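In the two assemblies presented below, chain A is common to both, partnered first by chain B and then by chain C.
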Partner chain A sequence: MATTTATEVAAQPPVSPAPPAVSGKRRRSRLRRRNTLLGWSFILPNFLGFALLTLVPIVVLFYMSLTNWNVFGTANWVGFANFERLIGDGSFRISVLNTLYYSALHIPLTFVVALGLALLLNNKLRGVAFFRTAAFFPYITSIVAIAIVWNLLFSPDYGPINEILRFFGMENPPGWLTSSDWAMPAVVIVSTWRDMGYYMILFLAGLQTVPRELHEAARVDGASTIQRFFNVTLPSLRPTTFFVTVMLTINSFKIFDLILVMTEGGPGQSTLVISQFIYTKGFEESQFGYASAASVALFFMCIIVTVAQFLLNKKRSV
Partner chain B sequence: MTGLLAPPEDARALRKLADSPPPRTPRATSPWRRIGRIGLYLVLIVAAAGLFAPFIWMITSSLKTSNEVFSIPVTWVPEIFVWNNYVEIWTKSDMLTWLRNTLFLSVVVTFLQVLTGSFAAYGFARIRFPGRDALFLVYIGTIAVPWQSYMIPQFILLSELKVSNTLWAIVLLQAFGAFGVFLMKQFYETIPEDLSEAARLDGLSEYGIWRRIMLPLSIPALASLALLTFVNTWNDYLGPLIYLRNPDLWTIQLGLKSFVSSLYDTNYALLFAGLVISVIPIAIIFLLGQKYFVEGIATSGMKG
Partner chain C sequence: MKRKFVVAASMAMVATLALSACGGSSDDAAEEGGPVTLSMSGWSLATTPEFQVLADGYMAQNPDVKVELKEYDPVNYNTLLTADLAAGSGPDIIVQKEVKFVSTFQEGGQLVDVTDVELPDDIGGTEAYDIDGASYAVPYRQDSWVVFYNKALYDQAGVEYPDGSWTWDDFAETEEALAAGLEGTAAFGGYQHGWQSTVQGFANAQVPDADILSGDFGHLKEYYERVLKLQDDKAQVDFNTRNANQLTYQGEFGKQKAAMLTMGSWFVATLIAQQAAGEADDFDWGIAPAPQYDESTAGIDNVPVTFGDPTGLGINAAVTGAKLDAAKDFLAYAASEDAALSLAEIGITPALLNDTVVETYFELEGTPDDELTEFAVSTHKTLPENPTSSKTAAIQNILLDLHTAVMSGSEPIGSAIDAAEERFENEIGD
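So, the complex of A and B:
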């Protein structure tokens, strides 16, 4: 008898219908706890570093911007004094204007050049496959090497660029990095040259997804090449153009290392940008609190532009 | 916020692109079409010239005498090839120390980033638990936050921990980025769930699935991540500039920059030799793994 009951019990399905609610819920919550532990065990090694080096500093940044934190590590709460000082600071205003000026040149120029290159390389020409990868090489070469080489190329009296300009009959070629009017355009030329391959690859990838049938249909309807570009290609590229614009904007707002090596903000303050203002106030003058206030400004510039572009993109695609 | 990632269909298209160039179809050629093609080739040639001229100038200048670098008119081919520049640079600078530091950093950072990134990505991609998606959003959200905006609190934090002015500061700085996590997560999500399900039935633990199934299957993505991280660390200038004050710890980028500003009359030919040496490892890596670079960028958007 005993054995039969034992087998009967064992034969019962593990989830017995009798007390379903309690044990099911408990099992589910146990499974959930197990999964939470398991998931965190995977994420934790990376998360520790990520939290320590990214999340904590971002939170601390906001606190620091409200103190007069200095090199001795003493911090007194000063409320919004840093921000008031920032608004009245002529150098900061110049750095913001220069950053916007850089962005206003760099974003459209890189966008157009990269898209143009991508359209060109989307043709079936000889050498295109080689060029596609080669155009990307400047992007992975170090900024230091690029900046030094271009600095010498731009040298006003002995540099190859001005020599070429003179050869084509320009009597007074620009002084480039020695002129406060031309330094920023020179930086923009170099950064566009460097970045175009990267954005070109993104565009090229986007172009592969444009449906061929749409083009054929438009051609049958008698649309010209230009009409087809604006009415077929560009609309189909929207996810890519959105991504490219966001990345270009963030990368333009935070521009720093190229300027640091090429001009150090000069001549005068003609290429001083926000990141460099932060760097100078923080690491050279040890005014950590004040530099943090400027960092908060940069932080919000990037976040606001990103969010605005998201909303815009959403509205347009509806 | 997932819109911050490159559209996934782009990545797939690009993968195809990297594998094979589009087929060339012979078409009836009218004279207009032929003129158009010639025009396209001209544009291509001009673009190529603009793209490569700085590199060519850098290489030829590294073989000139220091006076010839700025001779007028510009000489594109040196009169005498001064191979000696490549010998002298080693004795006139601390190239060896710089290269050793840079190599150490690049290798350690790459190893840690690939390891922790792919490990965490498995947690995000395959294990369901409360708060996971919110946490991932935090990870992605940080792409929109430039490092320049939190470099100061980060520096103070690392100084408090007594790691600033050591190579470990740079390791910490670069090794735990969110970048590796979502590059790998994107890739893991393309691997069919059935595979891990089968392994789970065979009694493999989640760690075992990551180790025995996901890692081997994600070698292309791991290669992309490793190459991008290596190149990024090798080229980094700002991190070392802020953290590495001791000249013994300098990386190649800091060293070459100091070489420009420290010598009163910089020997430019020598400097160019140094630049070429610093770019060679990157060029080799690029040539070997160009396909992975392109894919990595399409799947994630490289952090810039």
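So, the complex of A and C:
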């Protein structure tokens, strides 16, 4: 049905060559209405799903954060009490600091590794498709499988990673997931390994858009490879780097799955992140009002950082 | 165009109907004397036969009542059940898998007060369901923590079998002796699983005046120090290796990699089944009572103190009328000797443990029949693992962080206790 309508629309030129004044106007408004309806009908299925599963719950979340709802019964209005409690809550503070720590390590590391891979695999090498696939593989691997295998690799006494470090003469290799100092870096290593393929694809797509002429011109002017990278490739990649930074930041703030399956926030609270704090308060301790307040806090953190990045990007583009 | 509208409208209607059918479930209260159908929650029905045993036993005695089981995923049991209850589509009889959720359900007004259900005098585990003097569930099963030991490995190490007189220091000494005797083999003296209850459960139950609701956790110290020393001396697999390799207690004990295992009595049925199926090695084993805090409760002329949570049945607050009477009657049956006998037959320790029940329990093939095992299974004072309170879940999470920090060796026990007490002040308060 949609196809016929689309063909009909396509068959009708938007502006008829010399229409009679009145009927033309009516036809045009009918056409516009029809186009609008058509547009709506295209996004309706997606929007319905979004509204039902995302928009409504988010609106409800804001309301719940101002109540003491515990799943059952009525949600009593408590105003900003949950937010006051959050500010004084030592565990929440730790979770915010840990999330920032994770982001500070994960964002630059993944950015550099993904960009490096993309540059490397943008060349016309033999078997480049294979290497691109290999780099993308971790991203589509089951997170639980990743956690189990990396747990074994990180095992302090018998794990291959420490075996190798010992082989190279390190006497006291880190305890990785068993040490409160090293657990977070270990998680960052795994998450970088997992995410690099995805961001590499984005960078690869970006690299295709860098005009070849600019490179050639720079080469003629005698620019070295490094100069060309910083003065041609990187500026031309700006839309991609911006998108990647924004996505990386939001995803780092929201980190949850990897932490849950690898460390459950431990040892102690050394890898407790905001999402896990929310999960624990909500689903383990049934304090859904309080957990909602923490979610709202996370939401605003993401919004603020994203807006800041947008402003910065705008300023730079001018 | 018109036809499209008709199709769309009818599809919308179908969707609405389907959605509304998901809602309200509790059918109207059955008429007086008419047949009644009760729904009951359960998990892993294929491998957990106890729910069907209870349902069948009751239906045999009450032909006009039908008990239907509703299966849930065991890992997300309480979350799924919570969602169903909040949506008004929960089962009539709610199996309480974990005691800490009872107060959540009760505070949320989801459970019927079942204080008036008549229970046998010597049934255990009822205090776990007591909130402000009223009962909100009836226990049918009561597991207690004991020590499983491998007689073959004891013989190999040249260590004498336990005699039931252990304090924790004796236990640690024996584990070290076993480790020394088994040196050069793949077996350790003991295996301790990664759960916080393996340390904290005993400490909370046994140390006089210990109460985690008070926010004072000093009583955990000596229990942790003892375990850490056993780890350092390599008498047991350390916590970090256990986590990295995702060891299971069934595998460690069943494959004879540890001469001793502290575990709940539910493992009896599993071990027997695994030995019969060839999943576990074939070896002689026995059960010793839980080691004690001091000598005042140790020995077979005393009643050893241990911990363990009951599993119980509550009734959905939406159940009324004749259905409620039937549900209460079902609860009374589940706590009765009849039900206890049928549970004992399948290797489960019922909440009611009298001589007849214990006898039936030991008739199961594969159960060890030495005197100490019989003593350990039948005689104990089993305290709940956690007090029933709305604060329990949050306190348990604080103590879980303490457990992982201390056992992994990333924080000494003293400062971990201070940190936990500080968090209690900050996050739980009064």
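The working rule: the second predicted complex is superposed on the first by the 268 of 318 C-alpha atoms of A that agree within 3 Å, B and C clash if a C-alpha of one lies under 4 Å from a C-alpha of the other, contacts with A are read in each partner's own complex, and residues count from 1 in each chain.
Keep this in mind: a contact is a pair of C-beta atoms (placed from the backbone, for glycine too) under 8 Å apart; a residue touches a chain by one contact, two chains touch by 3 or more.
Given the structure is predicted, the values throughout are model-derived calculations rather than measurements.
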- prompt: Just chain B (first), just chain C (second), both, or neither: which does A:Ile201 touch?
  reply: first
Message: With both complexes overlaid on chain A, does A:Thr36 touch chain B (first), chain C (second), both or neither?
response: first
Message: Applying the document's definition of touch, where does A:Gly265 land relative to chain B and chain C: first, second, both, or neither?
response: second
- prompt: Given the touch rule stated above, what does A:Thr178 touch, chain B (first), chain C (second), both, or neither?
  reply: second
Query: Can A:Pro239 be said to touch chain B (first), chain C (second), both, or neither?
result: first
Message: Looking at A:Ile140, would you say it contacts chain B, chain C, both, or neither? Reply first, second, both or neither.
response: first
Field: Partner chain(s) touched by A:Asn70 [first = chain B, second = chain C, both, neither]
entry: second
Task: Identify the partner contact of A:Phe310: answer first if only chain B is touched, second if only chain C is, both if each is, neither if none is.
output: first
Intersection of the chain A residues that touch chain B with those that touch chain C: 73, 148, 152, 155, 158-159, 283
Query: Mind pulling up the chain A residues that touch chain B in the complex?
result: 32, 35-36, 38-50, 52-58, 60-61, 64, 69, 73, 117, 120, 123-125, 127-129, 131-138, 140-146, 148-150, 152-153, 155, 158-160, 163, 193, 195, 197-198, 201-202, 204-206, 208-209, 239-240, 242-243, 246-247, 250-251, 253-254, 256-257, 260-261, 274-275, 278-279, 282-283, 288, 291-292, 295-296, 298-299, 302-303, 306, 310, 313
Task: Show which residues of chain B lie in contact with chain A when the two form their complex.
output: 3-7, 9-11, 13-14, 16-17, 21-25, 37, 40-41, 43-44, 47-48, 50-52, 54-55, 57-58, 69-74, 115-117, 119-120, 122-124, 127-132, 135, 138-139, 142-157, 172-173, 175-178, 180-181, 206, 210, 231, 234-235, 237-238, 241-242, 253, 256-257, 260, 268, 271-272, 275, 278-279, 282-283, 286, 290, 293-294, 297-298, 301-302, 304
Interface residues, chain A side, partner chain C - complex: 1, 70-73, 88-91, 148, 151-152, 154-159, 175, 177-181, 264-270, 272, 280, 283-287
Message: Which residues of chain C touch chain A once you look at their complex with the stated criterion?
response: 4, 79, 82, 85-86, 104-105, 107-110, 239-241, 243-246, 393-394, 397, 401-402, 404-405, 408-411, 416, 419, 422-423, 426-427
